[in-house]
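Next come two complexes, and both contain subunit A; in the first it sits with subunit B, in the second with subunit C.
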Partner chain A sequence: MTAKLPPGLKLQKVDERIMTLNVGPQHPGSGHMRLIVQVDGDFIVACDPDPGYVHRGEEKMAEYRNYLFNIPHLERPIIHDSCNILYPYVLAVEEIIGAEVPERAKYVRVIASELNRCVYILYWLGIYGIFLGHSTMFMWPMGDRELFIDLLEKLTGARVTHAYFIPGGVRNDLPANFEDVCLRQVNYFEKRIKEYADIFYNNPILIHRTENTGVLSREDAIRLGTTGSVLRASGVDFDLRTKEPYDAYEELNVNIPVLKEGDSYARSKIPWLDMFESCNIIREALEKMPKSGAVRTKLKPNPRGGDVTVYKRTESGRGSLGCYIVSKNKPEPYRLKLSVPSFRNLIALPYLLKGEKLGNMPAVYWSLNYWPVEADR
Partner chain B sequence: MSSDTETKDPETKAPEKKELPAKPEEQLPEFEKGLSDKIVAKFGEKTEVAFVKPDRIRINVKKEDIKDVAIFIRDDLGFDHAESVAGVDFPADKEIEVVYHLGNYTDPKLSRQVLALATRAPREDTPNPGNDSTRLPSLREVFYSVEFHERECFEMLGVYFDGHPDNRRLLLPEDWADLPPLRKDFDSKGR
Partner chain C sequence: MSILAPKFRLSYFLSSLTDNIFWIVVIFTLIGLPILFIVLFFVQLPVYESELINPFLTLSWIFHPELALPLLKAFLLTDMFRIIVFPGFGFAALIAASVIFIERKMLAKLQLRVGPFYCGKIEGILQLMADGLKLVSKEIIIPAKADKPIFIAAPLLFIGTAAAFVALIPVAPGWVVANIDLGLIAVFAVIGFFPIITVLSSWSANSKYPFIGGIRALFQMVSFEIPLILSLLGIVILTGTLNLSEIVESQANFPWIIFLPIGAIVFFVAMLAELERIPFDLPEAESEIVAGWLTELSGMMYGLVQLGSYLKLYAFAALFVVLFLGGWQGPVFFPPLEETLIHEGQTIGPITIQTPGLPIFSMEFFSGVIWFILKTAVVIFFILLPRGVFPRIRIDLLLDLGWTKLIGLSFVNIFIALALIYSGVFGPGGLL
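Right, the complex of A and B next:
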């Protein structure tokens, strides 16, 4: 090999004992990403995640569009959680252009965000179930998702890509009779997800496969900067809904589930417990919400901000989601950076897989609540 | 998107944004001021406090000092992880800025705080990522969590992090031969 390699590329020595496997990128249960896994027999020696197969350049795109035009395309990285990925962006833009949010809109946002969190978690849970070979756990969440998707469709007009949050409030008010329908659906939904305990979480096969696999200690969870369910499964009580409450979360009682084990089982259980909390939050928000009033403040066309930088973060379905905007007196952001939870949790993957059996890889990988498209942006 | 009836030319709004810089006259939040004062007391001239807002502090440092400041922030102030590493290109200044957003998971007093630590690297008009003067010391030894963020910053803006154990491409393809895409002179096609 005489050709000079580009910087950063290395030729690899072939080992007789260690075999290198490519998992992905053709979505064999990894999402559109590749895991370069080195195995010694049945045990994983090293794992090198290779994301980027669904990189869309959202951050670059945002530099060409004004603050309002950015809304629909910024939710594309994770369409199942589209309200939550827009949340920090909208909060940041409000601070930049100085828009006030009406009290009612704050509650509507919380309701939409919690509904969306459940929709996302159920989608993830379905995939987690099917990749552990539990096809009922794929069918049930997919069916139950429809309850909240219908609600969100009533509320926003779209099933998945809502584009509902805008700077200064939300796009439209609740439709007629929404509160009653929502309350009914939420109560039914809570009954449904209770049944997941019997079929999935108390299932000895699942427990056997996921308990004590991929254990992340509390210290390492902090050191690696993981977030969301991964962090809370390792015993760190950190959730921005209670630690840095935004919008109406300040007035609501939020009890965040925390588990200490740090294994795949705990990581898969946290989102499920989160959904019960979401139901409580929605019920409380429906009760405390002002019954009438505006849901958006009028913005001037093409709003522009001053010469400022803003960093806002909110709790999405996967963890804390940060949005950093550099504004330079223009209608477009000068630079927009999304610090997404999937990308932050990815660093834990090589760490957790080292020494695991290859067969445990799906159980560990999916328990990270990882969404490849969001990580790539 | 917003078809509001109130129409004003962008020019007429110019006076409004003039009012924005007047805000720092307000009382600075005490707790945040205390944190930034500790850094200033330790490093003095080497650091520049860009702003102190509720829950947000921003410190600008020179690239030679960033490691010392980061170690101080970790050990004495208690920030234990990095949330985000954002590179921003400033072609007019011939510099690239890298901003570390640091947070804390364990101390209830600090959990609301995000400390932005910013530094700048020289920028070259014809970049050769990895082999030109656009370099910064890596903070990976101080905050382990910056590993992938710094790799992303390297490929997207061409900032090489000295001391980073794994300066490879992450999101971009290995054979990407164009400019680093988040630089301002890289125009997306059709624009």
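Right, the complex of A and C next:
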């Protein structure tokens, strides 16, 4: 019998010591990807991540649509963080077509971006909880997410896929009474996420499971090119909101949380600390925002750029997200390249899993702040 | 409208119903009745109170219900009633079903959601029935390379072993299916079957994830059986008996949890591990090994294993109650029944049915059963609670806990029991 096996796997004999496990894509602990894991007893010998199951050709699609029509489909790779994935694209397009952004729109963008970052982190945290078998930690963040989803629905009109940022500002102004509602929700939310420490982060079993597992040293984190929470958990103080501030972040105080341990526990804690910082940024932005004014500049109907190449990057929920656009004097980009943080963080996975126990696989894998759909684009 | 769900029409529904009824009647008359007559021709029917018990008597019971009462009374006194209905399988399955429902509702409240809500109008009480129907109607898929006889037999063996465990639990004075002098040893013998069945099921599936799950289950159950047994040695030393009913009777004044709290804690933790519940649900760790040793089970095979594991949960909780919380012992709060009702019977109602006396259902029986169920419910609550609070533990931490900490604590427990005897707390002049 010659069964046709999927690539990367081969038939094994019974007496072979090393067993190959095909984790995914139809596995509750893999996401839309496949990990080929070789185990010797309970220890992982090698791990070969195999992404690409949800590749949708977003970059190629972008070459056939003009700069405005690209907005809704470019946020599809990660709909939970849709404002942040559009941010570098919008900044790059503004530079190509030469649009000015009003001062008020810059602050509105920061508020929407930080709200969306919290929404994304809560989703990620819920899945981290269920990966470790903690079902309450799955339900609580999913429930608290509704607070900010409702806010974003008021602001943008859509619950998840906002398509809110456009070149030259944002789509519409804040609704009436938005500042008060937002401030109240943010204050309540900050109280609520403090409770996560009691049930999750101070839980002795969780600390046992995640501490000293998958340790990524500072040098390795830089050498492998990781970004975002993974890099900051390894002790590198790198965040584009402070290092290369864009839009209104120049005028805001941003204190980025950094931990030194570099293990799964630190990597899981950084996004949680990030949420507190997001709350502070939202409060400060609401205070400093110009109380009136335009939120968008009028664009030409079909804006076309000159012969330029632009690279812009912003800090998304997972790390620095870059957008590279080559413009050839046409209404649509000649080439668009998204440099996504998920793919950069995935590179660290084979190094971290080597020599770990099989039980640590979900704890290490999901702590990398990795989103399979975004990595495939 | 979609193709898969055609429009519902009452006439189609009614005609399908009448079709079904027609075929049932036809099959019964053509096949069922001849078989019945052939059986009646060869089998000798029993005689009870100088009356021949035959199937056609049921027709006369429709008009004279009191004729059935002596037979019902006779059935209540048989061993078959004990095995099928009250202290045995039926009672335990009822408790297991209610535990599944309560677990889902309780966990939902803990996690700020509603839980089952729509099925059965009132708070989703019929959700379990819907789930059961779904499992029954599903196709049973057996892997191509599986060892079929063992793979099919494993869920049945599992539920059978769980039922055997239930049979050893005394619920009220004299109400136990199997009253064995070496009851505690019998309990350990029955528990010893679970890892074997788990490994058989996982190995015969011939698949990688069930195999890893089975090996994990074997590790876990074998390493936690030792503290489980050792933690009960203290009680055996103090009571000097292995009979579960006698252990309950020895707790008339004090439950053993007062004197042996460390033993109770060790037993409880080891019990959680034996039951494969969170935080010790490694054999079914979803994000690592799909569903562990249950991965290849489908349809009602999975349902049987789930029912078996909840029966096991009830049996362990009941064992904890029997050993540490004094079983059915407790103050009688049930209003006393009339003596004549219990011993001689009574005439009831306008049709005047003479009920026979049932001395087995005495005062202490009702009070004992209520106390037993209350205590079991409390223990089950504490078994369910960690599911909402803890994440899953890792296998090396689990084995470390089982082999070092729990075994050490259970030895401390034994020394406490010996100290209680030598210091004269128990024995002549002591408390008991």
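Just so we're on the same page, the second predicted complex is superposed on the first by the 361 of 377 C-alpha atoms of A that agree within 3 Å, B and C clash if a C-alpha of one lies under 4 Å from a C-alpha of the other, contacts with A are read in each partner's own complex, and residues count from 1 in each chain.
The rule we apply is simple: a residue touches a chain if its C-beta (ideal position, glycine included) is under 8 Å from a C-beta of that chain, and two chains touch if they have at least 3 such contacts.
As the structure is a prediction and not an experimental result, all values here were calculated from the model.
Engineer: Sticking to the clash and touch definitions up top, decide whether subunit B and subunit C on subunit A clash or fit.
Structural biologist: Result for subunit B and subunit C: fit.
Engineer: Name the chain, either subunit B or subunit C, that contacts more residues of subunit A.
Structural biologist: Greater contact footprint in residues on subunit A: B.
Engineer: Is A:His27 touching anything from subunit B or subunit C once the two structures are fitted on A? First, second, both or neither.
Structural biologist: second
Engineer: A:Arg335 in the overlay: touching subunit B, subunit C, both, or neither? Say first, second, both or neither.
Structural biologist: Only subunit B is touched by A:Arg335; subunit C is not.
Engineer: What is the contact status of A:Glu244 with respect to subunit B (first) and subunit C (second): first, second, both, or neither?
Structural biologist: A:Glu244 contacts subunit B only, not subunit C.
Engineer: Between the C-alpha centres of subunit B and subunit C, what angle is opened at the C-alpha centre of subunit A, expressed to the nearest 10°?
Structural biologist: For this superposed arrangement the angle is about 140 degrees.
Engineer: A:Tyr64 contacts which: subunit B (first), subunit C (second), both, neither?
Structural biologist: A:Tyr64: touches subunit B, not subunit C.
Engineer: Quick check on the superposed pair: does A:Ser320 touch subunit B, subunit C, both, or neither? Answer first, second, both or neither.
Structural biologist: A:Ser320 sits against subunit B, while subunit C stays out of touch.
Engineer: Aligned on chain A, what is the least Cα gap between subunit B and subunit C? Give it in whole Å.
Structural biologist: Across the overlay, subunit B reaches subunit C at a minimum of 24 Å between C-alpha atoms.
Engineer: Quick check on the output: what are the common subunit A residues between the subunit B footprint and the subunit C footprint?
Structural biologist: Shared contact residues on subunit A: none.
Engineer: Spell out the part of subunit A that touches subunit B in their complex, as residue ranges.
Structural biologist: Touch list, subunit A to subunit B: 6-9, 50-52, 55, 57, 59-61, 64, 68-69, 71, 98, 166, 222-225, 227, 231, 236, 238, 243-244, 298-302, 304-309, 311, 313, 320, 322, 324, 326, 329, 331, 334-335, 337, 339, 343-344, 346-347, 376.
Engineer: For the complex, give me every residue of subunit B touching subunit A.
Structural biologist: Per the touch definition, subunit B meets subunit A at residues 1-2, 4, 6-8, 10, 13, 17, 20-21, 55-56, 58, 80-84, 86, 88-89, 99, 101, 105-106, 108, 111-112, 114, 116, 129-131, 143-149, 152, 167-175, 181-182, 186, 188, 191.
Engineer: For subunit A, which residues are in contact with subunit C within the complex?
Structural biologist: Where subunit A meets subunit C, its residues are 19, 21, 27-29, 42, 129-140, 143, 199-200, 203, 205-206, 208-209, 357-362.
Engineer: Under the touch definition given earlier, write down the residues of subunit C that touch subunit A in their complex.
Structural biologist: For this pair, the touching residues of subunit C are 107, 110-113, 208-209, 212, 278-279, 281-282, 285-290, 387-397.
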